[in-house]
């Protein structure tokens, strides 16, 4: 039985024509009761690998429902997907993938090893902005196996490249020279469990329909609608039944929805980070003692509780959040200890600039805490594009950042500080430490999982001691959902590269 | 000359902003660390000609503009022309409709108030419209949203129409869709009307009050003409110049969109497009929107001048 | 003796109240408006008469400091903008040589979209209070410059101006004795509309996230309140939304009432 919302009931009483049209609409949906899932989303562009918006994780998640990858992740680790099995050479330079049989494109063409090889060749010319595949030197197709040759051994290959870079149909893209401007009707043909039925680019809304012949099982929900909802309307729209799945970053939704019979709240792992990036090349922040004093001076538990209105997950000094696969539980952490902070500063009065987004509330709370130990914070409010520019040019002392993408493969710890990545959060990572650089390079090439874990633990220890970034706390996300329609799934290390969204395509396929 | 200035400002002002269109950030705390590598960034810079010197970019822009090509949006990878064509009908419908209503309503109320100033009617009308005018547009919008959409549930919470509603073919489907859109746009339009009427009321009221002692009015009264007749036939044309000027100003703003209302109700209009383009430093979209709203103002000014001319001749004819 | 409407005196009282509060905000405030002084989102109590906001700042103290910001911003913008409107309007309507360049400048500024341009410029130069005042003042004069000019042109051709010209009055005499008074009809309207524009613009910009962050203002209080997507699910929401809303409305209303009182005053003197 489809839930009839209050809105529909009332609108039915307003006027004759309106009531008729709404009734007609309800009738049309009635036979697929429970088979329509409406999700709160935002406009993320055309959902193919070349035109999807890279601002925020929603675009790539849409792409992951429409396209498939060689591997994927479930609750406990990497699992086979388009590749049924694989093997790697001793030196980690070649990988061989065996493709599943029966995979087809949405237009009925079979998905072949040729398509896989073509995809990576094509990405070499036209990069997929969400994940670089530059480490792939060449790909050859041979029957139903594909062989990858890499430039250098790369530990995150299976999770980050095979598991994120979408396979695209050769018969669509081989004749396209400019994929960013391509607007053919077949521009979103993928092989995933859902195909794009309609993208309303005026409203920024998507309608995805189940791919009935999906090789891995029939999708459980017949139709997904991703609707563009402004932040203030998300909770009311969910309560009124216009939305079935929506996010909140505030723990009080649990209390607010306690009496709601339809909705439940799923709490995600703390796969995010709220931190201060430190420009370690500028005095006085070039001194480790000053950075440590800041860490001791801020009551991070109080800060997190005030902002999230829920239990705090105090920041791990080693950056990688607790409850995630690569977290080092044995790090020395910093307790709130203003006396220790004063001691480290030795009575010195310090003045430091901080750049923060205009809407950030945290600086208003921790600035007085720093003032109390003798550090005066000059908070400069800027918009996010300006903040990114200042960070890129190194024109800052401290930068207040809040983002996700820290729960997945830990190679980002290397890329941030090696200058290889140019995204908003890697910018402002200014830190040089020979030992750290050596370990970072070593882990990226390490093919032994235990050995790699040990190195990553050591890297976290260095970060915790040197504090090139001061981690304040980790946020959870609270996913409001109708359990009759959708079961959230907590992916190992977050969806793809550490995204705390429960929209894993496994959760949408009937088992 | 004016047009050249506007085009040049449109080109340079967005590019002076700190930051660039390839610094992706959604800014809602759900930002992911996009692993955008240096090579991918360089590729995009070349694709969008962002690596070229400013003058070359300007030449390309002007050349494209001559061919009617507004370029490609960087944040949304879609042609700017089609983005604007999508959003323009929403903005025009919403704003023109509410502008005409507020102008008519405001003029009538203003004349009623100003005709016999200092009476209770005058004070009451002016205070009432003043009270509505004392609340900023965004608060009116939020008030209506909270009251009628969140609380009572009479109107939708967001959007310009019900997404993916299947409408039948033919006239009944068109009507259905029109009703659906009207239902979605009621609160945004009500906001604009409530916020926009009082300025017309005040301008009309003051001018009407000022007209009271003009000789021709006394003359008309002496002739024994009815008050309503005098108001409509003689006072209204005299009210026209300041009202027209004000109407023209508001009309010129139409193409700039109604950002606040669009933002609160998520109406897919030009204002919201422009606001998002500022945040993402989407130069081609910014240029196009600024150009369009500049054109809108010039067009409105032209229209007002024409109306003046018409009124002038009309008055001269009536005097003779 | 001129009889002024009751609302005029009410408006004056309110304005005087706002000015006093603005002047003595630091002395009247029970807490530092920027310090977290209590539990977040508490309802009104003895310690916090209007409750606290999302991070425990005292709302009453923020209201009092917000009055100061609003009055300073609105006053400065209105003064600069009105001066510019009249200077440009009078000159453009009266001095033939200046007419086309001034009209050109006015049209040029009017041809730039209002709110998007403000957003763009403030993003460019940073939304400090000084920048806010300058941008809003420099962009808000053209519309009334046009109106003043149209009044001047109307008056210029009227019988008494032509008559005083014919008896050899100087330009200055004509300008200040005949044209300027003719434009004063619209002055209260300009003042009321500009105060309203300034207060609204400050609040709207803060709502859109471009308020001056170094000062506490009613707009920034609303921005913070509406930044919370759960606002209307919380029981304290009226305490976060109503005080700044009512204060904005009261300030504007007081201005409107005083403005109307002044117009009435003038009309009665004439008759």
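The first chain written gets the first letter, and so on, giving A, B and C; residue counts start at 1 in each chain.
FYI, a residue touches a chain if its C-beta (ideal position, glycine included) is under 8 Å from a C-beta of that chain, and two chains touch if they have at least 3 such contacts.
The shown structure was predicted, so the numbers you read here are calculated from the model rather than taken from an experiment.
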Query raised in the report: Quick one: do these chains touch in a line, a ring, a star, all-to-all (complete), or other?
Result: complete
Query raised in the report: If you tally the C-beta contacts for B-C and for A-B, which one comes out higher?
Result: A-B
Query raised in the report: Taking each chain's centre as its mean C-alpha position, how far apart are chain A and chain C in Å?
Result: 44
Report summary line: Distance between the CA centroids of chain B and chain C (whole Å) is 21
Query raised in the report: When the centre of a chain is set as the mean of its C-alpha atoms, what distance in Å lies between chain A and chain B?
Result: 37
Report summary line: Residue numbers in chain A touching two or more further chains are 231-232, 236, 359, 382-383, 386
Query raised in the report: Which residues does chain B have that touch at least 2 chains other than itself?
Result: 17-18, 142, 150, 263
Report summary line: The positions of chain C in contact with two or more other chains are 123, 226, 232
Report summary line: Given the complex, residues on chain C that touch chain A span 34-36, 40-41, 54-57, 123, 126-127, 209-211, 213, 223-224, 226-234
Query raised in the report: Along chain C, where are the residues that touch chain B in the complex?
Result: 5, 7, 104, 107-108, 110-117, 119-121, 123-124, 143, 146-147, 150-151, 154, 185-186, 188-189, 192-193, 196, 199-200, 203-204, 207-208, 222, 226, 232, 245, 248-253, 256-257, 260, 263-264, 267-268, 270-271
Query raised in the report: Considering the complex alone, what residue numbers of chain B touch chain C?
Result: 1-2, 5-6, 9, 13-14, 16-18, 117-118, 123, 126-127, 130-131, 133-139, 142, 146, 150, 199, 202-203, 206-207, 209-210, 212-213, 241-242, 245-246, 249, 252-253, 255-257, 259-260, 263, 271, 274-275, 278, 286, 289-290, 293-294, 297-298, 301
Query - Complex interface listing, chain A residues touching chain C - result: 231-232, 234-236, 248, 250, 252-253, 256, 306-307, 309, 358-359, 361, 364-365, 368, 379, 381-383, 386
**Report entry** chain A - residues contacting chain B, complex
**Finding:** 5-7, 10-11, 14, 17-18, 21, 25, 28, 42-43, 45-46, 50-51, 53-57, 60, 126-132, 134, 160, 180-181, 198, 200-205, 207, 225, 227-233, 236-237, 240, 242, 247, 249, 272, 357, 359, 382-390, 392, 402-406, 412, 415, 419-426, 475, 477, 497-499
